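Below are two complexes that have subunit A in common, paired first with subunit B and then with subunit C.
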Partner chain A sequence: MMRWVIGSVMIAFGGILVWGVMSLPGGDGLTVKVEERMEMSGVTHPVTAVLLNFRGYDTLLEIGVLLLALFGVYSLRRSRPDPTGVSVSHPFLLALTRLLVPVMILMGGYLFWSGAYAPGGAFQAGAVLGAAGVLLYLNGFDLPGRKKEWLLRLYLAIGFVFFLGIGGGLVAAGNRLLEYPPDLAGSLIIIIEAGLTLSIGFILAELYISNSSLEIGPDVFVTEKG
Partner chain B sequence: MNVMYLYAVVAVLLFVIGLHGVIAYSHLLRKIVALNIMGSGTFLLLVSIAYGRPEGGPDPVPHAMVLTGIVVAVSATAFGLALVRRLYSETGKPYLPNGDTEKSGR
Partner chain C sequence: MIEALTLFDGLLGFLLLGLAWSVLASKDLFRSVVLFIVFGLIMAMAWVRLKAPDIALAEAAIGTGLTGVLLLDTLGFISRNRSEGKSKEKQGRKGTE
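On to the complex of A and B.
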């Protein structure tokens, strides 16, 4: 009975949504406004210009959300992850990882650099680096900086710190938050993106690694009461 | 009919399928997967709106929103999975306390 009620409500809701989407006004959206101001943005790719210049707030808050999610996962885990304990260590996976990880790091660097003028940028590059970190972890390797806690924390925070530091510096210099002077915009965006690439890579890898160390195991049976 | 509307309708379909999953199932892993399907529908809608421009390149603002959204969705999923795993290791059940009596919780 209940599933039929939910199903018919969903179908009605979907119909309303389709009607709403169909009656959206067309037009150019914000394309023309973005194109008019491309020269001031310091980059030549419009998506990068929107992400890091025109809508820089969004991206600053986004890296903040990533960090907060990682803090949440950290506070839920019970122990520090031990890569040797969860290693799948299949010879084929190990060989593939040895082959792929250097290429992935190179690919991350390329994607980060190409974001200024072509599709790419810090988030794509960070995703590739994060995947490389997961591959390393699955083979029992530590992330770089694992042995020194402060170094890992620096990698995790550097994107947000650079972003906020440059934003705050601009406020101190009399601009509004994240309002870059047009002649400096290009270099400031490169600095921010470099920090973001590193941080996003490490945060994504750490999200995976910390989730895999939450110790679901024999203790499930100990704590079960019902 | 414009191709944009085909993508937009598929996007709405994905969103509704995901919403149904969030409401109808009590297993929390299913809810997280369903939330991700809802998110994919939203992203597809934004991309199809950006594509709906008569000439020239697509609108960059929705594209930037999708990039932001994907990263937020990934981090929210990771946090949700951590919560579910901790709940499972505390209670032995991947359901919310009042959800484990429902029959639909497959």
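On to the complex of A and C.
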């Protein structure tokens, strides 16, 4: 009985969704408006222009949420996990990691840089760096800055700090939040994206690494007790 | 040429629907996670076909790569904890199943 009710609700919801998509205004949407203002954006790739300039505060909130998620994980963490303790230390994985990590760092740099004029950008670059961090951790290597905790925290926060700092600076200079002056936009976006790339990489790696020492017991996974 | 591509797109769409269904319907969690990773890769291909290479990159790197790793790790974490606290888990099973 219940499953039929749920099923029909889901079908109705799906129908509304299809109807919603079908009734979207057609045409080019905002493409024309974005293209008109491309020369003000400081970059030549429209996706980056929207993410870092026209709708910059969405991206600001995104990195804020990512940082908050890591704070949540940190608060559940028993202690700083020791990478040597969980090392998989398989010779093949080790050799592969030694081979891959330098290439991944290069790839991250390339994706970050190409974001200004081609598909790419901070989130993709950060994800590649994060994956490199996970690989390193699985082989028992320390993350850079892990020994110096303040440095690690700086890496984690720098994306948000740069973003907010530049936004706040612009407000202080009499602009609106994240309203870049067109002649500075290009360099400001590069600075923000550099910080974002680093932070996203470290945050994603730390999310994974902290997973191994979370302070939640088996009873968390039992939803209904007796 | 156009027809072949349309066929490919249709195949991609139905493959995604089928994969999504098997991710949700699979009783084995490990199987679900692996299928989810496959789903992400096919989804990335669909984004490429929709001329959204930026999203395809993000989907492949974050949606598939890191989420897959996190899910697999969580699965390992759950099964480790289950075997540690087996008595507790047995009590819980009676309640839920």
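Heads up, the rule we're going with is that the second predicted complex is superposed on the first by the 214 of 226 C-alpha atoms of A that agree within 3 Å, B and C clash if a C-alpha of one lies under 4 Å from a C-alpha of the other, contacts with A are read in each partner's own complex, and residues count from 1 in each chain.
Here is the rule we use: a contact is a pair of C-beta atoms (placed from the backbone, for glycine too) under 8 Å apart; a residue touches a chain by one contact, two chains touch by 3 or more.
Remember, it's a predicted structure, so these values are computed and weren't measured experimentally.
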So, A:I6: does it touch subunit B (first), subunit C (second), both, or neither?
first
Looking at A:I166 after the superposition, I want to know if it touches subunit B, subunit C, both of them or none. Which is it: first, second, both, neither?
neither
Mind working out whether A:L136 is in touch with subunit B, subunit C, both or neither, as first, second, both or neither?
neither
Please work out whether A:L111 is in contact with subunit B alone, subunit C alone, both, or neither, and reply first, second, both or neither.
second
On the A-aligned overlay, A:F123 touches which partner chain: subunit B = first, subunit C = second, or both, or neither?
both
Regarding the shared-chain residue A:Y208, is it in contact with subunit B (first), subunit C (second), both, or neither?
both
Identify the partner contact of A:V47: answer first if only subunit B is touched, second if only subunit C is, both if each is, neither if none is.
both
Touching A:V65 in the superposition: subunit B (first), subunit C (second), both, neither?
first
Give the label of whichever partner, subunit B or subunit C, reaches more residues of subunit A.
B
Just to be sure I follow: which residues of subunit A are touched by subunit B in one complex and then by subunit C in the other one?
47, 121, 123, 204, 207-208, 211, 214, 217, 219, 221, 223-224, 226
Quick one: which bits of subunit A touch subunit B in the complex? Just the residue numbers, please.
2-3, 6-7, 10-11, 13-14, 17-18, 21-22, 24, 26, 28-31, 34, 46-47, 49-51, 55, 58-59, 62, 65-66, 68-70, 72-73, 76-77, 121, 123, 200, 203-204, 207-208, 210-211, 214-217, 219-221, 223-224, 226
Complex contact set, residues of subunit A against subunit C
47, 111, 119-121, 123-124, 127-128, 130-131, 134, 204, 207-208, 211-212, 214, 217-219, 221-226
Residue ranges of subunit B in contact with subunit A within the complex:
5, 8-9, 11-13, 15-16, 19-20, 23-24, 45, 49-50, 52-54, 56-65, 67-68, 70-72, 74-76, 78-79, 81-83, 85-86, 88-92, 104
Residues of subunit C touching subunit A in their complex?
53-54, 56-58, 61-62, 65-66, 69-70, 73-74, 77-78, 81-82, 84-85, 88-89, 91-96
